[in-house]
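In this document, chain identifiers A, B, C and D correspond to the written order of the chains, with residue numbering beginning at 1 in each.
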Amino acid sequence: MTPLVLFQRWLRQPAFSAQVTVVLLLALIAAGGAHYTGFAAPQVMLNLVIDNAYLLVLAVGMSLVILSGGIDLSVGAVLALATTVAAWLLHHAHWPAWAVIALVLGGGAAFGVLQGALIHAFRLQPFIVTLAGMFLARGLCYLISVDSITIDDPTFVAVSQTQWQVPGGFISPSAAIAIAVLVVGIWLAHRSAFGRAVYALGGNEQSALMMGLPVGRTKLMVYGLSGFCAALAGLLFAFYMLSGYGLHAQGAELDAIAAVVIGGTMLSGGYGYVAGALSGVLVLGVIQTLIAFDGTLSSWWTKIVIGALLFVFCVVQRLLARPAGQA
Amino acid sequence: MNRKTPVTDALPLSALPTPKRRRVLAVMAEHPLLRPIAALAILLLIDVILLPGFWHLEVKDGHLYGPLIDILNRAAPLMLAALGMSLVIATRGIDVSIGAVVAIAATVAAMLVNGDRPLMVAYAGALGAALLCGVWNGVLVAGLKLQPIIATLILMVAGRGLAQLLSDGQILTVYRDDFFVLGGGYLLGLPVSLWVVAALSLATTALLRKTALGLFIQAVGLNPVASRLAGLRTATLIFGTYVFAAGCAGLAGLMIASNIKSADANNAGLLLELDAILAVTLGGASLAGGRYHLAGALIGALIIQTLTTTIYSLGVPPEVNMVVKAVVVFLLCILQSSELRPMLRRLAPRGGAR
Amino acid sequence: MSAPAPLLSLAGIDKGFPGVQALSGVGLRLFVGEIHALMGQNGAGKSTLIKVLTGLYPPDAGRIELGGAAIAPRSTADAQALGISTVYQEVNLVPNLSVAENLFIGRYPRRWGQIDWRRMRERSRQLLAELELDIDVEAPLARYSLSIQQMVAIARALNISARVLILDEPTSSLDEAAVQHLFRVMRRLREQGLALLFVTHFLDQVYAVSDRITVMRNGRTEGEYLARDLGRLELIQKMVGPHAASTAPLAACAQTTTPALTTHGLARRGALQPLDLEIREGEVLGLCGLLGSGRTEAARLLFGADSADAGDIEIAGRRQRFASPRQAIASGLAFCSEDRKLEGAVLALSVRENIVLALQARQGWWRAIPLKRQQAIAADYVQRLGIKTADIETPIGLLSGGNQQKALLARWLLTQPRLLILDEPTRGIDVRAKEEIMDEVRRLCAEGDDDDRRMAVLFISSELPEVLRCSDRVVVLRDRRAIGTYERGQLDERSVLEVIAADGPR
Amino acid sequence: ADKPLVLGFSQVGAESEWRTANSNSIKDAAKQAGITLKFADAQQKQENQVKAIRSFIAQKVDVIAFSPVVESGWDTVLREAKNAKIPVILTDRAVKVSDPSLYVTFIGSDFVEEGRKAGRWLVDWAKKNAPTGEVNIVELQGTVGSAPALDRKRGFEEIIQAEPRLKIVRSQSGDFTRAKGKEVMEAFLKAKDKKIHVLFAHNDDMAIGAIQAIEEAGLKPAKDIAIVSIDGVRGAFQAMAAGKLNVTVECNPMLGPQLMQLAKDVVAGKPVAKRITTEEGVFTADVAAKELPNRKY
């Protein structure tokens, strides 16, 4: 077939908009590097992953939820709850680290499954259920402690201060974990029956049912996974901050959703890639870093510039990806 | 390509309103507003039981005064926001920039008033700014076909920044009495804000009922592809809803500013969008688009405000607020679920064994 | 060949919906190694019966037995586990996944615990090859026309190793060739000892494959017959009551020579080669061709649903190119899409609202049609086209397939177009309704409107005889280009196929 | 003479007038002192502050200063700063860290102390104006869990515990905003169970909102209900001048000049005190009118 046809194929393939995102991301970084000395330094790039490890984990969970045609607003709060519970158990109850980690992860998953069950059993809208979930999780934080609790558990401290040397700088264990989670997420989404069921669900729930797919179970698992990721993100956050606090990661859910959508996933479900989460998170990270490097922006200009960059990014992405977009 | 757009399916049937019945009772039981109203009633009942002075209404310098009036007065801005949001949601959209628009409108109004401009100019300026925001959102969503949540997220972030830029991060206090009427004044014993909301909702309802807009908006929300093929101006309609929503938000901003006699760009309308969406859904609308219930959205707003006021009046310690709110919302949702009745039947001892 | 004990038997099945008693005391017997046709008018209850049988609806009463044991499946999954594989009337696949996945989702070939994409692709190709369908199995399903999607749905069902195979109007939008492939496979499965239940509205097809026929009328079993004992007319009478199906060509209506619409090299890359078409006022122009020949594409281009990238359309001397359906409608076009569910019905809206939608859209949002008038209009068409519905306020999604189709037709007839484009209008419509509808259409062509302009019709159908019977002229499409125009009577079914075949590949 | 010294400053956000004043003061002072300021707004998020600080480290600034969103959770990043040999100055809030050498000095107000001042004033007031009987206090807290809210509450309660007849009968969060402050106060006023004698607001904005609610309830703020608040922003002084607010405890945002001086000293290697408090007054209604003109924020 002619190159033209091939080109059109490429334009039409669903992966296209995701690829555009990556290209634009590189462009953004290049621009930053050209503008601010030391911006393109390897460590700065590594910091992107280190600083946003928790967000990446959230975004992976969120990707699955959104692909299944749902949404999970509770992740930020669950993250905070995870930090608070962990901190409290370590600081006040003096549990061993491993037990705390196990409990927190289990709890997060359970929280998610519970939301999933409500959504499925009562045919409730994910938006409200998870919104209420968000209130609940934040509320529980305050019940445990309104104050922020320092984590002095040796294991956590050790993890938080470990730095693994890599060419060009260092990365933190959290970053490594986040990448691992991403890989697992990608595998799940594209190579496991569960993952494909998620896509089917997002494409058309009724058909999925009529094709004999386990709709209910899939839903529970999706929200369970999202809850698990949120809890894990909470642990990473705890490593990062060495504190548990009810006000941690406010609005993180929105960041996660934004990251997923920027990564080229359709909020209506069914279309997109888990890998997009990474590019989405990095875009947000780079924007923040740009602003930090600029360092002349007042609080409000910061907001305006973030908006403007988001705008430029989404529009360019949209225009380039137009052939793939639907009418 | 347009074959890709997801469609709402014939089934699940419970998602569809069942046809009219002969029996009035049955019709009532099917009425979409029944459940929200029930929810509100239950909340109020709880108040009556727990709060002695709750129903207490007195006449203070020529107007009614009491908890109920507070709730109505406080709920007014949220009602407006919900009104706009419900149309956006009906077209499968969502607008998270409401709060930012509130801040912008409030700030602009305060600046104009403090600049000794006539009140009407201030209002015009504020609403104009708000509508501009709506146009911006509309162009991004309907024109560029960005996903609503991300498109409006842009304004959500930048909008508040703009407001702060205008006010230089200061709280602009207003000292002109005429400005305070909208959010604090009274007409025939009831808050002016309430009259405004009532007027706007009635006007909107009339517009949707008397013209074909209601039908069109539903059609576009339920099946955009089919609507386009039937000759609807889908893009224009969607654009319109965003402008309308922003307009409502602007008005809400005016109310809030007028009520606290100042414009606080940093905090005005913070997270109002979430409450608005919650109100719309509590009102019985689906975020998947299609059916809307303006009255439902208003009731939803009242439910939320009643809950908040209740929490304050009960003297619940602040750190428990969230949990209470969460639990109530969960309960309300379950109460509203169409699955509840069959489920109970199944749980009942000799329930239909199928 | 009928074995003593039926493999699957239903008895005394009741199913009621608010306002409708869809099934009352329905019985059905299915024997090993037979193809069993389920016949009945639109709304007779066929699909409902099938949905009950496969666990989508719980029956209000009645008993289902498989191999002598009572069963009560609660979901398609259950039914599949019991060995009942189904193709539902509305294509139920997921548009966002690839063709291959739609074939295998739920039963992926695995390798080391993970999906083996390569094997899946290969087996999909084989599977589709059996139906002689050669398409890119990696492309998302949404890319393909409804007919293709229906083939895929069938392929999926065939691939499930089952004892009972149920096909609800599988052929409704397939062309002759595709139907033949399908039948071949069905016969083979019969030899392998499956029991097949087959719903269709095409009598020829019934007699071509089925051994036994069960007729339903108004939610009751009218009777069960051996195909060879039951004549066509009898069958029709059993379905619709006394009524004769005319197969004689309809009287040619005084077709004018004034063109209603002319296309000049209208084309779109990858969809349609430059097309020159003249449609005259008061005529029915048939468009035939094989599946994928580009008929739908042509229609969509005419109507501005897709934008053409070459050529233009001439109406009343004005040459233009439609950027949107809206413009097309403004200049008097109407398009009844082949894809009822996605591009036609707004399922949650009432029959009334669906009917008036297009007219209201043309009148603009400001000049609303008074409710009273809407109701009058709707009631009128429900009566004229015999739409079976509890009430004009019933959500159209609750109507049977055929009745939805009629309602959509009403939507367009209501706009009194100059050119009415019908893509598979008779899809899923029963024998009698077909005639009623086509007669209605012809009548509208015949009688001019107020200023004596006659409506023209562009008629697309995969059912050749129908096209030939109703059209004044036919245009034959192949590989997305027109390869000839023929006057009425010049062609019969065979010659069309010959034309298509003869015109050697380019 | 040589290249100007670079100061990386991470601000909490722009949640209030007070904060804005604080940011402006720092920016102006930096200009005055000829220091290149790298300013990063954290939008109330600790994680953003950490990110900002790490990017300052990456940019190799000479000094890092920041007003922590919360006390805990700074060990890791501060250690990184230390390894990079960049001195760290805390402004306006302290931090809890395992190793105090992680920051050079802490300059700024002490929320607990502010709470105490408010408490002390109230105790005196009670002695004079309500020598006998219960004194019912309602409290408008700041954002739940935020450092100022917690500390001011702590300090305040610590003092009034001494006086058993001073009782906090209601306490609810007003999120530091006028709107919420007014809304909550309305609810308090409607709950008729106890008479309210005193309002203690964690910041002026909430107090101003509450004043409106009190007036709408037909009561006289500062007369029928005594009002104590904290921050000392302009609005508070106007309220006092109008006789609607009894007292505000100053919390000085004008840290700029001191901060710049410190930065210079630290870089120059001069010894600096570990804790530098800013002088902060308690302003009552009678001094308000006179003080108002020379309030810069």
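Criterion: contacts are C-beta pairs under 8 Å (C-beta built on N, C-alpha and C of every residue); 3 or more make two chains touch, one makes a residue touch a chain.
Composition by chain, UniProt nomenclature: A = Sugar ABC transporter permease YjfF; B = Sugar ABC transporter permease; C = Sugar ABC transporter ATP-binding protein.
For clarity, every value in this text was computed on a predicted model and none was experimentally measured.
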{"item": "Distance in touch steps, counted as few as possible, from subunit B out to subunit D", "value": "1"}
{"item": "Identity of the chain that, by mean CA position, is farthest from subunit D", "value": "C"}
{"item": "Between subunit C and subunit D, centroid-to-centroid distance (C-alpha), Å", "value": "72"}
{"item": "Where subunit A and subunit C are represented by their mean Cα positions, the distance between them in whole Å", "value": "44"}
{"item": "Chain centre separation (subunit A, subunit D; CA means) in Å", "value": "34"}
{"item": "Per-residue overlap in subunit A, given as positions that touch at least 2 other chains", "value": "142, 146, 203-204, 206-207, 270-271, 298-300, 302-303"}
{"item": "For subunit D, residues that touch 2 or more chains besides their own", "value": "14, 20, 23, 144-145"}
{"item": "Sequence positions of subunit B contacting 2 or more other chains", "value": "1-2, 4-7, 9-11, 164, 169, 225, 228, 318-319, 321"}
{"item": "Every chain pair meeting the contact rule", "value": "A-B, A-C, A-D, B-C, B-D"}
{"item": "List of subunit C residues in touch with subunit A within their complex", "value": "56, 75-77, 79-80, 88, 92-97, 101, 105-106, 108, 114-115, 140, 156, 270"}
{"item": "Touching residues (chain side subunit C, partner subunit B) in the complex", "value": "17-19, 56, 58, 72, 74, 90, 95-96, 140, 142-143, 303, 305, 324-326, 329-330, 335, 337, 339, 341-349, 353, 357-358, 360-369, 390-391, 393-395, 397-398, 411"}
{"item": "Sites on subunit D touched by subunit A in the complex", "value": "8, 11, 13-14, 20, 23, 27, 37-41, 43-48, 50-52, 54-56, 58-60, 69-73, 75-76, 79, 96, 98, 143-146, 150"}
{"item": "For the subunit A and subunit C complex, residues of the former touching the latter", "value": "8, 14, 187, 191-193, 196-197, 199-200, 202-204, 206-214, 270-271"}
{"item": "Complex contact set, residues of subunit D against subunit B", "value": "14-17, 19-20, 23, 141, 144-145, 170-173, 175-179, 182-184, 186-188, 190-193, 205, 208-209, 212, 216-218, 235, 238"}
